[in-house]
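Both complexes below contain chain A, partnered by chain B and then by chain C.
Moving on, here comes the complex of A and B:
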């Protein structure tokens, strides 16, 4: 029975998404069963709408920039958390977690006030900076479990053997933590790509795909929204999927290496 | 200070600077703005309590806050209740993480899409209505499905379920299966095990999951705009309206802080309630 409930839960989570995907291929604007036929007309309308196409590009740019910045800051912060102790560790942990404990609205209006106060004009740059604020806590949470178990003495051993700090990082630490960091970076990309609440307050004239969809939603129900939603979904799914495939291939490769090494030995 | 800690501080510095400028400073500025005056939509530096006085004495605002609290608490309670069995299943009955990743993926990919999906499902030409009409159960589409707080709660539950689930899973992972076996060996039934072993052990995680979902749901202002109609203006929506070009920013800032204080109060009320019910010991057991 529990098993059945779990499947129901998963079905409810994905049901509405499946409906949207299904009706994005519907040949008529009616969004009800029975379906009359399949067509790509709403996708053509999506690609004919240059506002939407432009916003899709913007979203990709913003998510890439924000994920990169998050990865740089987040990797350093995660390594810092493994080294700090006592109140410094607690304070730093609290500071980097706090943004997600507040509603996005609060952060959105606070950033709006900040940009207004300092005369910073809102653009894709401010959006990417704002997205970093909320993806950083998730980046740390995702990479922490692995980095907490990272054995700092490995690094110290490298130092004792004469490696410079940079060498010990590049040759010892990085190869161990890289898969975790890449996973966390993908998570940041997805969070930025999907963000709506803070983006509304931090974007200027050029805006992201979710915001373009949002302004369409407020005007009328059109199946172009379905197509646009599916485009947004598939971008993130593609990124996550390619990472999954990459990780799978890497694991197979290193297992193969180990096996052949054993054979040679 | 040992070299390890010095490296730690050096590595933490960029993030601390970033957080100081984009998180601490904005929150502080918002607080400062809440004491400003507003003239013709322009905030004027001042130090007055007018905005707070106006917020605290406005009956409309309290009604809106009350609705947000209700929407938030219902979303939190439903999400926790619905996700707990699934968290249990994933922690104690599955080995791989495939199901977890599937659920996580649904969460980070589709905030707006889900809200839109519920409008498609509940609207007067939506799936529920057309199906009911086609089956001959009703003649006219039911208008009351959409544009009310219930529709908002349904969509918010749907949005925050995965987040609640993740938080419950991470706290349930601390309760090792051996404890449950020990409880069973000592003669505890499943209800007793749940109330006397699991809930007290995960009470922090449980409170965290519930309050997290509650606060995020209550602060949401996108779902109420799409699904809520005129009678379900939430505090989030009211606050965000003040920050449009023709809004009163200082008043909006004061509303945001009053709203924040309300949720801090709700948090303490809830944790004390758990303690009174004997479900939350003061000390950590594990």
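Moving on, here comes the complex of A and C:
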């Protein structure tokens, strides 16, 4: 029973994904079974479409910028929250997470008004700022679960052994919490990459891939959209995968370094 | 050996409205093991954290090696600490944990290598230099924490309840190890614990603390044999506390009434009619079969417990008083079964007078 349920669950979760990937390689525009043959024609059409390629680039730029900004701001906030105690911790913890419950429409309009007030014209910069705003709560929530358990006596131990506050952060705190922060950064990247509503309100002439796909769909449902979606998916998977690989390689490397250093000595 | 390496001069510490320490004056002698002992919340950990530099005293001054360090941050104090739950760096292996302090001092790597290996030998962890921290047992973590602190050759080693997280067997073994390491390094130890057995076994001197004040300072034997307060008498070891009233002073002895009869106690500083407490250790009470002799304290064995090397008898008296008495186990084993009428007595010097 339980086993069957788990399979059903997984199928519902990943079935649609699989379908899109499958049809993006379909040689015919029909999106029905049985499949008639495989081809890369939709991918070619995707890369021939200037608007789509440009918007994919924009998406990557925006997601990278907003994820970086989120990581810097979010890490500092999460580390500060981990040090707060009592009602202050609860209050600030709530305030930082509450924006998640706000409707995207509301945030979008609010930002639109704000940017207009300050005379900031809409561009990829405003999109990246807006994305930072909405991914910050998620970043904080994802990293706090781990940072709240960070043993502050580790920092005291570092100080005790002669580290300045900055050294103890750089040599002890940061290396220990880095995997958590990287995970939260990837989450922010993913959130920014496929954000639609707020992007509509804050983008100018240049737009992101989800918006480009959406406006294409208003005209006709073409299988190019499948290819575009798969491209978007690949980007996110690639980012997650490369960070994972990077972390793994670094561990291997530093371990090897140390071993060889010992052997020499 | 007896010059002070750490001097605490009228240290007080308040956390908001809460006074954690009241006017602490304390000299730590060079090379000794000094234990800060007391129940949780007595201020012992705060006092140690002030020595380490993690807390600033509200008033007062702290001197280490003749230098006032009251406003010096922890990284520039010549002390190192063994933390209660070790606080080993989980992202570094054993070697790098121990080398952490030396690397911060930018010592040449060859020297670091030598120092770390030497200290690993001292704590008998030579084979585990490449282990990750999460691969260590509690006892091994403890050794690494010790090595990481000692490798920096601190003037004073601070140990914050270092054995609290270990099981009994390993704890006893680590105690003897600590003594050995103390002898081999000659470093001054300040040791914080709430465990009186640890304090008795390890210390050259014990500082007994309660409610942010020092109750008494002395060698383990002084603390046990001559407590100066009710708190000290009860905190260290088991004892019987008897409410007493001085009736007659005759030379070196004072006769006191303790409700179940009269006993003689040392008269020093006592006046007739004064009300006092007496502390009588169970092992100093002599038991004998009741023979109805005049003036003997006679009760009935209520219960007994066989501890192995000793036997404890609870002797009840008609007025409800119960005395805890202890005999070394002899060949005969339990000599007084429950219900036996029994006479108790103890020498004059066994009564420790505690003024109210």
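The rule is short, and it goes like this: the second predicted complex is superposed on the first by the 239 of 265 C-alpha atoms of A that agree within 3 Å, B and C clash if a C-alpha of one lies under 4 Å from a C-alpha of the other, contacts with A are read in each partner's own complex, and residues count from 1 in each chain.
In the analysis below, a residue touches a chain if its C-beta (ideal position, glycine included) is under 8 Å from a C-beta of that chain, and two chains touch if they have at least 3 such contacts.
Remember, it's a predicted structure, so these values are computed and weren't measured experimentally.
Colleague: Compare chain B and chain C by how many residues of chain A each one touches, and report the one with more.
Modeller: The partner that reaches more residues of chain A in the superposed model: B.
Colleague: With both complexes overlaid on chain A, does A:233 touch chain B (first), chain C (second), both or neither?
Modeller: first
Colleague: Just chain B (first), just chain C (second), both, or neither: which does A:191 touch?
Modeller: first
Colleague: Could you look at A:84 and tell me whether it touches chain B, chain C, both or neither (first, second, both, neither)?
Modeller: The first partner, chain B, only.
Colleague: In the overlay, answer first, second, both or neither for which of chain B and chain C A:163 touches.
Modeller: The second partner, chain C, only.
Colleague: Looking at A:19 after the superposition, I want to know if it touches chain B, chain C, both of them or none. Which is it: first, second, both, neither?
Modeller: After superposing on A, A:19 lies in contact with chain B but is clear of chain C.
Colleague: Considering only touches as defined above, state whether A:110 meets chain B (first), chain C (second), both or neither.
Modeller: Touch status of A:110: first partner only.
Colleague: Quick check on the superposed pair: does A:151 touch chain B, chain C, both, or neither? Answer first, second, both or neither.
Modeller: second
Colleague: Which residues of chain A are in contact with chain B in one complex and with chain C in the other?
Modeller: none
Colleague: In their complex, what parts of chain C are in touch with chain A?
Modeller: These residues of chain C touch chain A: 52-54, 73-76, 79-81, 83-85, 87-91, 93, 95-96, 100-101, 104-105, 109-110, 113, 129-130, 148-149, 152.
Colleague: Where on chain A does chain B make contact in their complex?
Modeller: So the residues of chain A in touch with chain B come to 2-3, 5-6, 9-10, 12-14, 16-17, 19-20, 23, 30-33, 72-74, 76-77, 79-85, 88, 92, 95-96, 98-99, 101-114, 117, 129-130, 132-133, 136, 152, 165, 187, 190-191, 194-197, 200-201, 210, 213-214, 217-218, 221, 225, 229, 232-233, 236-237, 240.
Colleague: Mind pulling up the chain A residues that touch chain C in the complex?
Modeller: Checking each residue of chain A against chain C gives 151, 153-154, 156-164, 167, 171-172, 175-176, 258-259, 262, 265.
Colleague: Okay, in this complex, where on chain B does chain A touch?
Modeller: 4-5, 7-12, 14-16, 18-19, 22-27, 29-30, 33, 82-83, 85-86, 88-90, 93, 99, 102-103, 105-106, 108-121, 123, 125-127, 130-131, 158, 161-162, 212, 215-216, 218-222, 225-226, 236, 239-240, 243, 249, 252-253, 256, 260
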